[in-house]
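Below: a set of structures, written as structure tokens.
You will see two complexes here that share chain A, one where it goes with chain B and one where it goes with chain C.
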Partner chain A sequence: MAVSTELYEAILTGDARKAHAATQAAIDAGIGPMELISASMVPAMNEVGRLYEAEDYFVPELLLSGRAMKSAMELLRPLIAAAGLRLGNRIIIGTVKGDLHDIGKNIVASMLEGSGFEVIDLGADVAPEKFVAAVEEREPHVVCMSSLLTVTMPAMRTTIQALESAGLRHKVKVLIGGAPVTQQYADEIGADGYGDNASLAVSAVKNLCAVA
Partner chain B sequence: MNRHFYLDLAARGVRMPIGADLVLHEEPDPEAARRDGRSLGCVIERAAHRWNTPLAMPLMDLRLEKTDLLALASIPEHEAEAYQFSAPLDDRAMEALCDLSASSFCAGSVARDQAISHIASLPDLLPVGMVIGPFSLATRLVRDPITAVALAGMAGDEPQSPEIQLMLQCLRASEAAVLRSIRSQIKHGARAIVVCEPAACTAFFSPRQLKAGSTSFERFVMEPNLRLRAELEQANCDLIFHDCGELIDSMVADFAQRLHPVILSLGSSRKLWDDARLVPADVVLYGNLPSKSFYSDAAMPVETVVDLTRELIARMQACGHPHIVGSECDVLFVPEAQHAILAKVDAIVTCAPQAESPRLQSITRAAHP
Partner chain C sequence: MRLKAIICQVLTREFELAIARSPHSIELEALPMGLHDYGAAMRPRLQQQIDASDALGFDAILLGYALCGRGADGLTAGLTPLVLPRAHDCIGILMGGRRIHERYFESHPGVYYRSPGWIEFQKSGQSLEPAWAVARNSMGERRSREELIRQYGEENGAFLYEQFTAYRRAYSGLTYISTGVPSDAACREQARAEADANHWIFEDVPGSTWMIESLVNGEWSPEDFLVVPPGSSIRATLDEHVVAAT
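== the complex of A and B ==
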């Protein structure tokens, strides 16, 4: 049961203002940030994912819910940092070199954060060496790469090869996604997983973290 | 609009991919050819002749209008692709962006127009222009267009939130940019214009919101495109409307019935034989083989492309709606997969309908019991 049903509802309905207000009210009532995340926010984003898979929610609803979740996190992050706490497994995400599309990547990042992961977003047009540097520095559990164009997909292979050359490939799981990407392509380039859509990407990350 | 020409093409069984990018990459220096009007015109001419079509489909470069628009805000060309507005614009900025009298274009646009002039000088080809649609262009001008549109579609949201305000401003500016581009291409001889609105889809417009009564699709997509349609009609220039995004039936119906293009081009998520019931009989349906997957022989072997092409032809013949077989979108050149892609494009064009196939027989029989 959600610790804050108001926060749960606000995230579910994509109301950022209500999410912010509900979070503040919960903080004022003495509810801890991790409890809010695990008991209200994660269940809300899980339900959002379920509704998306059921084709009841669509991409706009995912983004609105992500936005509501972020407005709650704005209040919680300073408290988490001050208490020396850490969110769940760490994920690095980015759109590959040559590709400026980032909406899909942003949706996945929001949903991962809403699922309790620590997300480091490298943005779009991310060169292989930047992925490598981020993996070296931040030691994530999973690297997620997005590509929306067939012409930029080869950068996913190049990035995996760069991780191998840097001796980092065995330390991290790699998940790929994007409109032209397929499971066959993921297998071909040696990725560990593939997400057909944002919701499935989050499930795939959870699975990869479970076996990591 | 000269519908008979396109209906006749469909009746003749024309098959053509949108493949100028493939032919462009046969040039020794594709990027130089892209920016040289005469070379680009020859590429488009070769593509049309290769696939035996009188429609000289242009290179699908949907970056040009953004570059030209941002030049009016003094954003240099090399920054244009990644540039996004971050806050609502003041009146002076809007005036500059919406200036319909602005006449300077980037090198890519100049080459595009010169290519059209080249095609217009040839007796056997119809010069076709292309623009990105106003909504799709607007989505490239802001960081999170989906949220802005979703907020606009939510009941009770303040209409003047900064995200919505900026999105509406970008839409106005985009419509002006697209109009300038259309006028220039018509001036250089374009007889038809392909308006590409890949963002006018369920990724940007929630069917849930639309079902609840949101007018966002009307406001952001239909209204500006209806104005463009009127402009084209006044110039006696044909509208070809392209949207390869995920759509719901009401979107297809709106495009087909209200924009009433000569050709409606849809992505592979749609079953064209089902969509035929939503489309007037004088609108040719184009497409829609899944060319975005052609790069992968594992995901899309050539045999599958042949099967899909044959099924598409059989089903469209069975439903009786005018149809030109083609790709779901521009078939992009991918260096690693050049041969795989070309083999499938050629398969679309050359494979013979196989009436003997039991699967196809059952399709034909089902339509004519």
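== the complex of A and C ==
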């Protein structure tokens, strides 16, 4: 049972204001941030993912639930930092060079955060060098790359090669996704995983972290 | 040869001009533009049209398409060979080749492309979209701010609209590709007006119809065209050749 059913419901219904208020109430009641994340937020995001897979929820619902979750995290992050705690595994995510589309990437980022990961979002049009620099500096467990255009997909291969050249490839798992991306392409370019949609991307990240 | 050309509406004028000068007998069928918006669902629609022309004794079926966000990936030749230009999308064809397109694309991120067909055939009231957008309508990207607010409330509706249109704010230019068809000048001015109205940098680049001419003239060099033999299918390779037949 969710430790804060109000927060669980607020995330599920995409109500950012209610999520913020419910989180504050939980904090005031003495519930710890990690407990709130694991007992209320993670189940809520899991249910959102399930509803999306079942085609009851669509992209707008994912965006709204992500936003509700973010409003809760705004209150929890300072508490987590102050207590010297750490969120789950660290993920770097970005849309590749030349590509400005980011809705899918944003949804994956917010669902990962809601699932308890620490997410560093590099934005869109991210050059291979920028991915490499971020991996070197932040030492993530997984790098997620997104592309919406077949013409920018080769940048995924180039980025993996850049990680190899920098001697960093073996230190991270690489996951790719985006409308024209396929498992076959992931296999061809040596990615570790592929997510067919946001919900499956989150599952793939969890699996990659489990074997990391 | 007796050829069938199944083309995207956006290339209509260019194909009509080229077909008029071709030594071959060519039957033209133009499908409504925007099929690429269906993502993978474009393939069965296009396959249906190919199949309908398959047993009619054509020497080849010419496809006035490109990879189109993988819409052409998996198309299968029945009894009749298929011929597909090697390009990621129509912009590659209109610019005169995929290499020209890639060079321009890399140096001009955040640009909308227009051509005579993109001006003439885009449905009125349809908002300007990047030429290569592969976004299913169920993602909600085409809905207006008012529609979203009606469904999700003021705050959530406004948030969703901002999310769906954010990428457009990263777009800063509109490039018109001239192809020399009779309506070119008029379409160029219309494109310029739309760029001005949106405060985008307007650029006019000379396109080329050589790929379309070569296609309808039966000059299918392996470097620039994929010939799919009967029973084989188009497969996206996403390397320098873009597609292969398997």
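Note that the second predicted complex is superposed on the first by the 212 of 212 C-alpha atoms of A that agree within 3 Å, B and C clash if a C-alpha of one lies under 4 Å from a C-alpha of the other, contacts with A are read in each partner's own complex, and residues count from 1 in each chain.
The rule is short, and it goes like this: a residue touches a chain if its C-beta (ideal position, glycine included) is under 8 Å from a C-beta of that chain, and two chains touch if they have at least 3 such contacts.
In this text the structure is predicted, and so the values were computed from the model without any measurement.
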Mind checking the superposed model to see whether chain B and chain C fit together on chain A or clash?
clash
First, second, both or neither for A:I27, with chain B first and chain C second
neither
Does chain B (first) or chain C (second) touch A:A133, or do both, or does neither?
neither
In the superposed arrangement, which partner chain does A:L148 touch: chain B (first), chain C (second), both, or neither?
second
Which of chain B and chain C A:D125 touches, first, second, both or neither:
both
Partner chain(s) touched by A:H101 [first = chain B, second = chain C, both, neither]:
second
Per the contact definition in the header, classify A:Y57: touching chain B only (first), chain C only (second), both, or neither.
first
Residues of chain A that lie at the interface with chain B and also at the interface with chain C:
14, 58-60, 63-64, 67, 100, 103, 106, 125, 149-151, 153-154, 179-180, 185
Partner chain C, residues of chain A touching it in the complex
14, 16-17, 58-60, 63-64, 67, 98, 100-103, 106, 124-125, 148-151, 153-154, 179-180, 185
Please give the residue numbers of chain B that touch chain A in the complex, ascending.
81-82, 144-147, 149-151, 153-154, 202-209, 292-293, 295-296, 298-299, 332-337
Spell out the residues on chain A that touch chain B in their complex, using ranges where they run on.
14, 56-61, 63-64, 67, 100, 103, 106, 125, 149-151, 153-154, 179-180, 182, 184-185, 188
List of chain C residues in touch with chain A within their complex:
39, 67, 69-70, 88-89, 101-102, 105-106, 109-110, 132-135, 138-141, 148, 152, 155-156, 159-160, 163-164, 166-167, 170-171, 236, 238-239
